[in-house]
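The same chain A turns up in both complexes below, where it pairs with chain B and then with chain C.
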Partner chain A sequence: MNSAAALKGVKKEIDDFRLGPIDLEIEAGFVTALVGRNGAGKSTLLKILMNLVKQNEGSVAFFGQTLDGESEDWKTKVAYMPQSYPGPLPFTGQELKKLTANWHPHWDEQWFQQMVEHFQIPLEKKFEKLSQGVQQKLKFALTVARNPQLLILDEPTSHVDIPSKKQMIDFLIDWLEQEDSRTILLATHQVEDIRKLADYLVILDDGGFLGKYDKDELTAQYKRYWIEGNLPTATVPGELERGKGVIATKCARQAEDFLRKRGITWSSAVPLELDEVISIKLMKKKNTALKS
Partner chain B sequence: MKLPIQLSKENPAPIYHQIEEQMKALIASGQLPAGTLLPSIRSLSKELEVSVITTRRAYQNLEYEGFIRTIQGKGTFVAEIDASLKKEVKVSAVKQAIEKAVETAIRHDYTLEEIEKMFLDVLNGLKAKGGKADE
Partner chain C sequence: METWKKACSLASFELKASWKSIFTFAIALVVVVMLIAPIFSEMGQQLKFFYDLMFLMIFIVLPSWLRKKEFQYQKIGEETWGAPYFIFLHQMAIPKEILLKSRFVNYYCFAIPFHVLFFVLLFIFSEARNAYSFGEYIVFSLIWICFGIYAGSLMPASDTGDVISNLRLAIYTILILLGIGGLFFFIHFILGAEGIVFWSLKAAKRWPLLASVLSVLLAIAGVKYWLHYAAKNMQKIDYFK
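Showing the complex of A and B:
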């Protein structure tokens, strides 16, 4: 496995918020989606990676090399799209493009223009005068056209209209297709981004690292069964909920063995939707808190 | 290009297996002739809303069985396959569909004799219409 980015034992405290400890490997050639509620620490995690926020403990590495504060090598290989730029930006899109292009040796002007045309971004306008959605599109084009090895995107599709969201995903797919080792790490609240782009899911819950999951393996384990006849009286492995004739589980394989052993049959078994699975993952902590 | 693959959530077969079976059927039926350029693993993953891990596995198995081949730097193409292999895939696809129908009937508590009669009814209905299924 080739590592595009790695966090080792990363911890950060900001007032009463605690992030970590986080040990995470972002595999090269894959798309990893970072999900969690608002305030879970997703943006902070990305900023730690980009050296914009200093962690209290732990280390960050890009492409197998631990950052020691002096190496600048990674900066041309990693492009980051923040949720918002720090402070007001008194520049037009055209000026921002010139600045960005000058700083980035792999800048792809043709591709930038293609995105600007597709999204119909008025480059002559001041950045601050643009609507939130258009600002987002411009930030996206300015980031992706740097042509890095690793793209780190903080909620790239928020505030963006439906056709442009779809187009953003397609631009990212085109970009990924050009080289096997291209990698994306994105924080997102959009289920569609995760469905169409992600290979892995990383879930953060209130600063805590819940885990990294293979998207398809995760969803294959969460299933709802329509039981024929009576429901078993005993709890089914991984049971999440039961209703009239229906049982949901997070351990589909074990649950099926359990039901078969008892001669219980089902008329259909349907995997839970991805957003439902994520919601369940993020509810777990609350439930255990209630029980104790 | 878009492939007419549809994954079924209720199908207990793993997703990579569903992709494989449907690709084989498309190739054996001639809908995807030899030499057709297939979508990249990444773009097929987007279309099917699955991870590249799943799609790659399906492509690897198809390549191993000789249905497709990858040319470095050019992409993945439908391979030339033997008539006998084509026939095998076709027969197995039809048999699987019939098995599925029979399973449904069994779930509805019909006996095998009753199912046989239903099957013949369907066939006779089709014969009366001139041997073509409704499109």
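Showing the complex of A and C:
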């Protein structure tokens, strides 16, 4: 397995907030989505990767090379899109493009122009005069066109209109398909982004690392069954919820074996929605997370 | 040298976006020349304390205030200060050395022309040309322009940021003001000395070569020191924004 980025024992304390310890490998050629509630530490983790925030303990490596604070080779291989720019920028989109393109040797002008055209970004306007959504689209275009090996995106589709969100995801899919080793790490609250893009989910909760999951394997485990006849009196393996003729579980395979052994049949079995699964993972009390 | 060239190219983006600052630059120049011009007259002899303060302000902090607000050092978080534009650039694949040097280039593009023009106008509109030879005045100007480089470089170095609580900031501000005030009070009212500006005039008159060489060496050392400071500071600061 090739690693695009790796964190080993990363810890960070900010006042009374504690992030980590985090041990995580971002596999090259895949999309990893960082999820968690607001304030879980997602953006901080991305900033630690980018050496913008310094960890108290642990190490960060890109493409097998541990960062020592001095080496900068990794910078051209990684492109980072922050949630917002640190302050007002008195530049037009055109000027920002020129500034960005100058410092990124793999800059893809054609790709950039394509995105500008699709999103109808007025490059001649000052960045500050653009709406929040258009600013986001411009930031996105300025990041993806750097053509790195690893894209780190912090909430890339927030504030963006629905059609553009879809276009952004399509652009990312196109971008990924151009080379096998292209990798994306994105922090997001958008279920649709995760559903369409992610191969892996990394869940953070209040600074703690809950785990890294294969998205398809994870969702296959969570199912809701419409039981024919009476519900079993014993607790079903991984039972999350039971209602009128309905049982939800986080261990689908074991639950089906359990039901079959007792001769219980079901009329339908439906995987839980991804947002339900994430909510369950994030909620300490299992039942409160499930939607009726 | 290559990194300085690239730093100039990077700084040019900021300079182009700052062209409107030329008006602030011109107004500030006229105001300070008007305020400082009487220094060489009899009235100036009575206000040495004021001129010392003014020179420190003109050669350390004023050029930073001439920059466009977006590029200035400012509060960017609850306890974090820095230049947002620096952080924006830091998020890109710009080598640290070039990034830092670009901050210094940008500062000098404001500070050095401002200080040179200040001395040219002061020479034209004050009694300086009667009181000092052209050579002496050049050395006096060089002493202060170099001071503007080695002391003023604190400003671009500060773009890399500081984390400081409001309480500590208030305490430091009071201590710095008390320190400067106390030092000036001691120089002017306890020692009864002429003060920093007049000492520099004397140095320019009596030891022109020594004063010039020392000033240039201090300017070179100052730039190196502040670049080193900024690089180390970058490794410490958390850029949450």
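Throughout what follows, the second predicted complex is superposed on the first by the 284 of 292 C-alpha atoms of A that agree within 3 Å, B and C clash if a C-alpha of one lies under 4 Å from a C-alpha of the other, contacts with A are read in each partner's own complex, and residues count from 1 in each chain.
The rule we apply is simple: contacts are C-beta pairs under 8 Å (C-beta built on N, C-alpha and C of every residue); 3 or more make two chains touch, one makes a residue touch a chain.
Keep in mind that what you see is a predicted model, and the values were worked out from it rather than measured.
Trainee: With chain A superposed, do chain B and chain C clash or fit?
Mentor: They fit: once the shared chain is superposed, the two partners occupy separate space.
Trainee: Taking the superposition as given, does A:216 touch the first partner, chain B, the second, chain C, both, or neither?
Mentor: first
Trainee: Looking at chain A, does chain C or chain B touch more of its residues?
Mentor: Comparing touch counts on chain A for chain B and chain C gives C.
Trainee: Examine A:197 and indicate which partner it touches, taking first as chain B and second as chain C; both and neither are also allowed.
Mentor: Only chain B is touched by A:197; chain C is not.
Trainee: For A:275, is the partner it touches chain B (first), chain C (second), both, or none of the two (neither)?
Mentor: Neither partner.
Trainee: After superposing on chain A, what angle in degrees do the C-alpha centres of chain B and chain C form at the C-alpha centre of chain A, to the nearest 10?
Mentor: 150
Trainee: Which holds for A:117: it touches chain B only (first), chain C only (second), both, or neither?
Mentor: In the superposition, A:117 touches no partner, neither chain B nor chain C.
Trainee: Mind working out whether A:179 is in touch with chain B, chain C, both or neither, as first, second, both or neither?
Mentor: A:179 contacts neither chain B nor chain C.
Trainee: For A:30 in the superposed arrangement: first (chain B), second (chain C), both or neither?
Mentor: first
Trainee: Superposed on chain A, how close does chain B come to chain C by Cα atoms? Whole Å, please.
Mentor: Once the two complexes are overlaid, chain B and chain C approach no closer than 28 Å between C-alpha atoms.
Trainee: Can you list the chain C residues touching chain A in their complex?
Mentor: These residues of chain C touch chain A: 9-10, 13, 16-17, 68, 70, 74, 76, 84-85, 87-88, 90-96, 235-236, 238-241.
Trainee: Under the stated contact criterion, what part of chain B meets chain A in this complex?
Mentor: Residues of chain B touching chain A: 9-10, 12, 14-15, 40, 42-43, 45-46, 49-54, 107.
Trainee: Which residues of chain A touch chain B once you look at their complex with the stated criterion?
Mentor: Residue list for chain A touching chain B: 29-31, 169, 173, 176-177, 195-200, 214-216, 220, 267-271.
Trainee: Within the complex, which stretch of chain A touches chain C?
Mentor: By the definition above, chain A touches chain C via 14, 44, 47, 50, 52-54, 69, 72, 75-76, 78-80, 82, 84-91, 95, 98-100, 102-104, 146.
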